[in-house]
Every structure is written in structure tokens, then in C-alpha cells.
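Note that chain A is present in both complexes that follow, paired respectively with chain B and with chain C.
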Partner chain A sequence: MSTAVHRRMLKEYLAIQKNSATRPHLELLEPIQEDDLLHWQAILLGTADSGYEGGRFRLDIVIPTSYPIQPPTIRFLTTICHPNVHFKTGEICLDILKSEWTPSWTLESVCVAISSLLTNPEPSSPLNCDAANLLRCGDMAGYNSLVKMYTALYAMDEDQE
Partner chain B sequence: MEPTSPSSVQATAAISSIHRSTPSSGTSEREKSSGAWSSSSSSSGGPSHLRTSSTNASTSSSDFVKELETISARSRLAWQQHATSTSQSPPSNTIAASSSPSGPYQEPSRCYICFGTEEDSVGRWVKPCQCTLISHEDCLLDWIDKNRQQFARKQVRCSVCNTVYRLAEPNSTLLNIYSTLDSLVQAGIPYLTFLGLTCSVLITSTTYGAYAVLTVCGTEEGEKLLGSPNPWGWRVWTGLPMIPMILIFSRTRILDSFMPLIPLLIVGNEQLQVTFPPSPALTLSVMPWVRMAYNSVWAEMVVRLETRWRQQQIAASGVSRLGISASIDQDSTATAAAAAAANGADDELSLFDRRDLGRTIVGALLMPAISSICGSFLGNFAFIRTRIPDNFHRNILGGCLFVLVKDLAGLFGTYQELKRKRVRRIREYAEFKDERQ
Partner chain C sequence: MSSPSSSSPGGSHTANSAERSHTTPSPAVGPGLSAPGVLQPAAPKFKLSLPSASQPDIIRANQKDSYYQQILKDQVKDAVREIFGSRRQHMYQTEVDVFSDLCYYSLTTLLGTQTLGEEYCDIMQIKSSSSTFPSLPRRSALVFWHVLIPYIYSKGSQELRRRTKPQPAQRPHHHAGHRLDATLSEEQPPREPSPALIKAKAFIHNWLPTLQNFFKSHGHSAHLAVFYFFGAYYSFSKRVTGIRYIFNRKLSPGEERSGYEVLGVLIVIQLAIQFYQWRRQLAVDAQEKASAAALQAGKTLAGEAVAVEEESEEEEEEEDFTQTAAEINIRKCTLCLDPRTNTTATPCGHLFCWTCIREWCQNKPECPLCRQHVQISALLPIYTKLY
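Let's look at the complex of A and B:
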């Protein structure tokens, strides 16, 4: 057991439990099993006034043993229509998860970053070209209705599945 | 695919990371936690302990709880020692601690990388930059090493205040030379790969060129044409690798404008003497002109033939399908057909389309072997053997005949296809319903 990563995850977990009230768009952020601090799950809530409103988006978070030197691997389990998220695999294209990672990020701040990526897409580096092309052409009506449709399709009745 | 960097995302997260990893700045989170701890410890240790364990018990398994408890117990112990030694009146101290985090009590400083504190971790502490982030030396060295994996001299900065971390390293000249060389090699790998690939293509092309010359000219004439291999002149060294490329481009019209110059460049003037029968060098220099003449004559002929055929087809289909006299717009159909045919002929020679790329390249590269085979086939006939005594000219003739036969076959195929299209029709069901399947 590499103690450094476990100690850090434990402390992150404590901090997350402590200020759960201060993050309205993060419904859940916790280890999937209590005895495995290297595999987490999170649920993001779609922000109001965006196409994701009302959706619950499940994230799968895998912590490498070299964390926090190496970034965590995060992907969407819930299908989501977003220019920077792969529609099928849920892979997220975000610099802080790749080249711009530094140890001063925490799981919580990364989740907040992903949550704000939802409302601030970056169509110039797309993983979902169809969504990005709508944005690039300035078709906000089309983009928003597409996002709304996929949110309604996949992110709303997750519990019934 | 570049990772995104929405500025707002970075800003939000940077702020939150500062909050979390700043021991002395008074954030809401800090005040809350230090206030809770100090108040509980000043009144009594019991409730706090109970509260911590109960909240943990509701969310965690036993192992986890134990670890948490040791941490909280340790920090409480540390606090209590601190409080009893420094302050005489616990209530006032509590107020002071909660109102100013920089007072006598400070939250144990935390390594921003491993989150270890002075209580639960060991190691030398460093404050490498101007902001409040501190860390263990080993943790920071790990982070710097990870960043330097690709470039040994990369500067690593503090993620909050952007200060470059400075290392006091023994300055070894040998190590510096080694790491510079190492990163040069690392950077040079793509170029070396490219160079190697180019060399192997060049060698393959040269070998193919030599093979082509020897196949077409025969061993004896070929070696005479190439000159003594020890050493080959620059003409041979440039000419041989160009042979496969020229063969491929001869299937297109791209190089038509200076194709005739290429053999002159390679063969050189000294071998060009007009004799009869023409020497291999002379023959090869004349071949591009022959090719161009043939191509233009052929294109002309094909255009005419195809125009006539298409015209017939259009006329026929006009008559049979529409049941009206085709003579109504004979003129316009004729011009349309001519244009279509001209386009077709153009395509044939213009680029790789219509015939696909692979077929063009393979066909071009097989040309020497084919002409050699055709040449030796021609050599079987006594009539030809007496007229054309040497292998080389028979091979050239064989190659030319092959091209002619191939083109004629293609034309014949086109004709047959058009003819079939002209006469074909869809059978009525009534015609074949009695036939056996």
C-alpha cells in the first residue's frame, strides 16, 4: 500500500465531506467502496439555464498509485452530448487532466472544473465533432436543443435503468 | 486534439486550490474547521471525539474510521498541548483563534502534494516559492522529475504563483554534457527515422532501377549502359533511383513537359551517337518522344471512336426507350457525346483516378519485367530473331507491343460494354415465368 496516495485521498475525502454544502453542482463525490480509495464516483448536476439542466451525470474516477504526481483518469459514465466529451467512451478532453495537471488540484476542484466545462465548451478541440460544429457555426438553438434532447434521453431517468 | 483550457475553469479551480492549500490565509473553510476544533477542545475533548466518530461511522467502514480517529486524535492532542502551554484563559484564546487564523494557533502546515502534515508525515519541509504553498522536499522532487521526463532542462513552476522552482544541484560538467546529448538524441529521433526511411526508399529505388535496366537491356548491354560499377558516376546514382518514379509518373501527364529531358540528363551526351541499330542509350532517349506521340494519337483516336459509340448508344436508347425519332436533336446529342468522350479520354491519362492508384503503380513497376517477357517471347520467332538480333531491341519492341495490345484490349472492352448497354433491356416477368429457375 503506497501510503502517500492513501493519505492524500483520505484527507481529500474528509475535506469533501466537510464542505459538501458549498458545491451545489456536485451531488456526490465518494469512493465506490470504502476500502478502495483509488476508485471514485461522482455525480454532476446540470446547471440551470443550460441544456444540461435536470440531468445527473455520473463520472468514473480512477486514481493512479502515483497520484498526485499523475492526474486522475476521469470519464463520463452517463452518455453526454458535449463538444469536449467523447460521445461513446465518455473520455474528457480537458487540459488539466492531461498536460496542465499539477498536484495542487484536488478531486473536488477537478470535478468543479469539469462541471464548469459543461457550461463553457471549447469547440476548437472537439471530441464530439457534431456538437462542436453546431457551436462553431453559431447555431445556439440547434446546439441547445441537441444537448437538451440527449440530457433527457440519458441523464434524467438513470435510476430507472 | 488539444486539451481544452477554458479560462473560467482554470480560474475557478485555481481559486479553490489556493483555498484548500493555504494554511495561513483566512478562508471560510479554514476558519470553520479551526473554530470547531478549538472550541471543542477548550470546553471538553469528549463531544468532539464523539461527533467525529459518529459522523465517520455513518459513512465509513471500521478500518477507515480507525485511521481517521488516529489523525483527529493526534491533531487534537497537539492542539491541547499547544493551548495549555501558551494560553492561560481558554475562552479568550478560542475567540482569538477563530477570528484571526494567524494567531497563536495555526492549522498544521500541509504539503500541497501529499497533503501530509507535520504530525502524520516525515521529511524535510521546503517553501520553494513566494506564495503560501509548502511541501515535502521529496514530494516536490518527484513532481519536478515527472516534468523533466521529456526535457531534462524543463523549468517547473509553482502552479499558483508561477515561480520557477530552483534546485541547488552539484554542477557536474560531465552530467550536463550527458543530459544535453541525451535530449539531443531524444529530439533527433524523428529526424533520424525520417532519414532512415528516405535512405531505404532510395536504396530500394536504386536496386529496382538497376534491376529494370538489366532486365530490359540484358546483362551485357545493361552493364555497358551503367558503366563500370566501381565507381558509378553521379548520373547513375541519380538516374537509377529515379527509374521507378519515372515509370509511375509516365502513367500520368504530370511530368510530360520535361519527361524527354530526363534520359538526356541521366545518359549524358557522350553515349549518344546516332547509329543503326540505335544504341540502348539513344533508344531510351527517344522513348519519351515515342510515348508522347503515341499518347496523343491514341487520345485522338479514342475520342473519335468513343464519340461515335456514345452517339450510337444515345441514338439507340432514344429510339428504343422513348420511342421517338432520335433525329430531333441529333446535333445536340452528338456534341454531348463528344464532350463526354473527350472527358473520358482526358481522365484516362490525366491522373490516377478511374484506374486506382495501386493498379497504376504496380502496372508501372511491372513494365520492365513484362517487356522482357514479351521480348523473349518475340525471340522465339525466327523471323524476328533474324531482323532484330539483340535482346534489348526485342525487349523494347515487346514492351511497345504489350502497351498497344493492352490499350486495344481496353478499347475493345469498352466497345463491348457500350454495345451491351445499347441492346440490353429488362425482361418482362411474363417472358420468363415459365422458365425453370
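Let's look at the complex of A and C:
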């Protein structure tokens, strides 16, 4: 049982509760169970200027006991069409969650980073080749409509809670 | 190469010196040379009047030995690297070292000759109980204990620790600290995990490193102290196999042989002080635990959260006299999100707790805030009160 990670998670929890008003694209960020600070969930909202508008994307966040030396493991639970997110597993390809992690990131800032990844895809390191290929060919209309379709299919279900 | 009985304390200079090609320029009297097969157990058991070796001789011999062993190790390492490539050499480094040590002792002790260090210091192994030259099985046992047991022990304890880490414990009851258990337990067949076993597993996993550390620091010190007092067995392996040294050079008149009893006394004092500190620390810990338990009893996470919030608010209120909330924020360490303790600066000027930044830099030598390269040796604790 590492106490350092719990202390830090508690601090983050309190900070998140305090700043809840200042995050427009983060509907929810909290531990799944009150007594387990190492397993969190989050809900990202699609930004208005993207094909994800209106979607609610659920994230699963697992904190390793060596946090913050090691990054948290984050994946999408909601199916999402994005060049850097695996369509089936929800795995996210983002350098700050892998090699470029530094302990100065917090769960909150990581969620903001993922949120901005949605609007700024990086097709050169894809986990979803179909979406990335559309972008690489410059077919923005095709890409946007694909994203819109999957958002409507999977992320707008009112009953997903 | 022969039993000590064949060399009288002062004699046999002439015969040996020419034949000792590999030795040091000491005026040592080596035992008379004869074929290894001819020698030993049959040696007549008459009373030896040679004095036992004193501590300085034994230590000097050991140092000389480890010096030559290191040379051999380096050469074997080079050879292995040439033949198998440096990746394999790196992977099997410990095994290669054990192999070269084994070679060294096989060619000296096992064959019945002195090691280079022993020859340098004119000391000789004998069986302490009977004062005779140690038999081949006994010498084999010595080499086994000296070279292989440490290796098996370290590998075994690693393996044990690895195995007890995940699910079930397969070793029900044993004293984790004992050297042999670590190796023996490997052979026990897996069993159904029961609550007792899981408990045992957790116990082993938690206490094994502690016990190992304890033996490594204190057990070794105690052994060394005993050696300094009595001068019989410098290494565990010699104690186990009961092999000690005799001294076979004639002392020139007026030459004194000193012992290291003073060092032994110092070690005993050190151990006593450590024990005393440990006891005191234990008492302090128990007290802290008791008060912490009293504080925490019956609180849920939400309760704790509120408590911490209140705590931090209290802190803020206390500090409001001198500083604003923003200033408190500046004093926070971005790694633990607590106010910094033992503030430490990176070369790029960012401030963290000492423990936080050290732990991170061991993981990845760059600044968490600006990614600039940070040598762990370049971390600078700041003792000036900052705000």
C-alpha cells in the first residue's frame, strides 16, 4: 500500500472538486468508488467546432501505485472514431501518457490534453488507420461525416449512464 | 600442493622458489612441491607446532586474493565478450563472475595448493579440529560454500521474492532469513493456497528484504567482530567448513604479530548503538501509530477528504497573517502537490521536494516542468528559507 500515491490522489480529488466550474469540456472526473482512489472515471464532452459535438465520451482511468512516477492508464469506454484511439479497445495513443509523461501532469490536465487531442488528431501515428487515412488524403468532409456518424451512434445514447 | 607436515617452519626455501612461477616476490616459504595425487589424507598426524595465522595476515591474504580474482574476472569477461558479444556478456555477468571465481579456487584450494594471497602471506589452510591438511571433500565443500552458496542464495531469494509477490504462497512455514531455506523451498511442490499460506506469503514478501538487510549489515558485522577477537574464520564459508589458517614463516627476532581486537571492540560498540537506536525508533513509531490510529478511527474517505480540506484551510488561515493563497501555491511541489519539504532546485531553476524530484530523476533524468536534462548529482537542496 503506497501512501504517497493516495495522498496525491486525495489532493487531486480536492483540487478537482474545487475547480469544477472552470472545465467546460469535462463533465465528470471522479473515483468510481469512494474508497478506491486508484480507479477513476471521466466524461469528456465533444467540443462545439468538431464532429464530436454533442457526444459524451466515457474514460476509464487506472492509477498505478507508482503514480505519479508512472503515468495513469487511460482508455475510452465509449466507442469513438479518432485516428489516435483504437476503435475496439479504446486505447489512446498520446505521447504524454507513454514516453513523454512527467509527474507534473495531473488527472485533470491529462483529461484536458485528451480533450484537445479530439480536436487536433495526429494522423502520423494512428491507432485507427481508416480515420487517419481519410485525414492524410485531405478528405475532411469524409472524415468529419464519419466522426459525426459514430458520435451519433455511440456517444449520444442517453441511457449510457 | 603438499601437507604442511612436510615443511618445517623455517626450512625448504631452496626447493620451492624456483618452481613457484605464478607467485609474488614475497619471501614466502611454500610447502614442498609434490604431485597433488601423492599428498594429503595419508599424511602422518603428528603434532604441529606452527602458530595460527593472525588477523592482519588473513585479511592481507584475502585482499590479495580478491585482487587476483578481479584480474581473472576482467579477463574472463573480456574473453566472453569477444566470443559471445557484449549483450550476452552483460546478461550473464554474474554467472561469468561466479565461473571465474570457481576457476580461481578450483585451481588453487581444490587442487590442494595455497591461493596466491595465502602464499603471499605465508599462511596455510588446516582443518581446525584435527590440525591436519583438509581433505578433498572438505576443500570442495569450502569452495562450494565460498563461491556457489552466495550465488544460489542471491538468486534463490530473488526468485522467492518474485514468487511470493503475485498469488498463492507455496511455501508454508519457514524462516525466510535462513540462507538455505531460500534455495530449498524452491523444490517444494505447489499446493492449494489456503488463508494461512497467503498470510505466510505476505509475511515472507514483506519481511524477507528486512531480514536480508539485517543479516547483511548486522550478521556480517557480528561475524567480523568475532573474527577480530579470535582471528579464526574470516569468511562464513571457512567457519562452516571449519578450515582455519596456520602461519608458517619464521619470524625474525623482535618482530611482533599484532591483532585487531580494537577493531572488534569498535564493531561491538557500533552494533550496540545501532540496537539502542533501533529500539528507540521502534518506541517512537509505535507511539505515532497509536496516535494516528486514534485520529483516523471510523473515518470514511469522504470524512477524510473533509478533514484534509479543513486541515489545509487551517493551514491557510494560519499563514494568512504573512502571505496570500497565491504564495502558498508557489510553495507547493508539483509532484506531491503538498507544500515542499527539503526544497531542491534543478539546474533549470524549478523547485521540488527532495524526495519527489530524486525519485523522478532516478526514473528519468529530466525536469518534470521543462524537460531539460537533469543529472541527479546536479540536484541542489536549498537550505535558505525562501518565503
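Following the convention adopted for this analysis, the second predicted complex is superposed on the first by the 158 of 161 C-alpha atoms of A that agree within 3 Å, B and C clash if a C-alpha of one lies under 4 Å from a C-alpha of the other, contacts with A are read in each partner's own complex, and residues count from 1 in each chain.
As a convention for this text, a contact is a pair of C-beta atoms (placed from the backbone, for glycine too) under 8 Å apart; a residue touches a chain by one contact, two chains touch by 3 or more.
Note that the structure is predicted; figures quoted are calculated from it, not measured.
*Asks:* When the two structures are superposed on chain A, do chain B and chain C clash or fit side by side?
*Replies:* By the criteria stated at the top, chain C and chain B clash after superposition.
*Asks:* So, A:Ser125: does it touch chain B (first), chain C (second), both, or neither?
*Replies:* first
*Asks:* In the superposed arrangement, which partner chain does A:Ile69 touch: chain B (first), chain C (second), both, or neither?
*Replies:* both
*Asks:* Check whether A:Ile16 is in contact with chain B, with chain C, with both or with neither, and answer first, second, both or neither.
*Replies:* Neither: A:Ile16 stays clear of chain B and chain C.
*Asks:* Applying the document's definition of touch, where does A:Ser116 land relative to chain B and chain C: first, second, both, or neither?
*Replies:* first
*Asks:* Name the contact category of A:Ala4: first (chain B only), second (chain C only), both, or neither.
*Replies:* In the superposed model, A:Ala4 contacts both chain B and chain C.
*Asks:* Regarding the shared-chain residue A:Cys81, is it in contact with chain B (first), chain C (second), both, or neither?
*Replies:* Neither: A:Cys81 stays clear of chain B and chain C.
*Asks:* If you count the residues of chain A that each partner touches, which comes out higher, chain B or chain C?
*Replies:* Partner with more touched residues of chain A: B.
*Asks:* With the two structures laid over each other on chain A, which partner does A:Leu44 touch: chain B (first), chain C (second), both, or neither?
*Replies:* So A:Leu44 meets neither chain B nor chain C here.
*Asks:* Would you sort A:Val147 into first (chain B), second (chain C), both or neither based on which partner it touches?
*Replies:* Touch partners of A:Val147: none, neither chain B nor chain C.
*Asks:* Where on chain A do chain B and chain C both make contact?
*Replies:* Correct list for chain A: 4, 7-8, 10-12, 14-15, 34-35, 68-69, 102-104, 106.
*Asks:* Quick check on the complex: what are the chain C residues that touch chain A?
*Replies:* Those in contact with chain A are residues 300-302, 304-305, 308-309, 312, 334-338, 356, 359-360, 363-364, 366, 368-369, 371.
*Asks:* Which bits of chain B are touching chain A when the two form their complex?
*Replies:* Those in contact with chain A are residues 1-6, 8-10, 12-13, 16-17, 20-21, 29, 32-33, 55, 59-61, 63-64, 67-68, 71, 112-116, 120-121, 133, 139, 142-143, 146, 159-160.
*Asks:* Residue numbers of chain A touching chain C in their complex, please.
*Replies:* Its residues touching chain C are 4, 7-8, 10-15, 34-35, 37, 68-69, 102-104, 106.
*Asks:* Residue numbers of chain A touching chain B in their complex, please.
*Replies:* Per the stated touch rule, the residues are 4, 7-8, 10-12, 14-15, 17-19, 22, 34-35, 66, 68-70, 84, 93-100, 102-106, 108-110, 112-113, 116-117, 120-122, 124-127.
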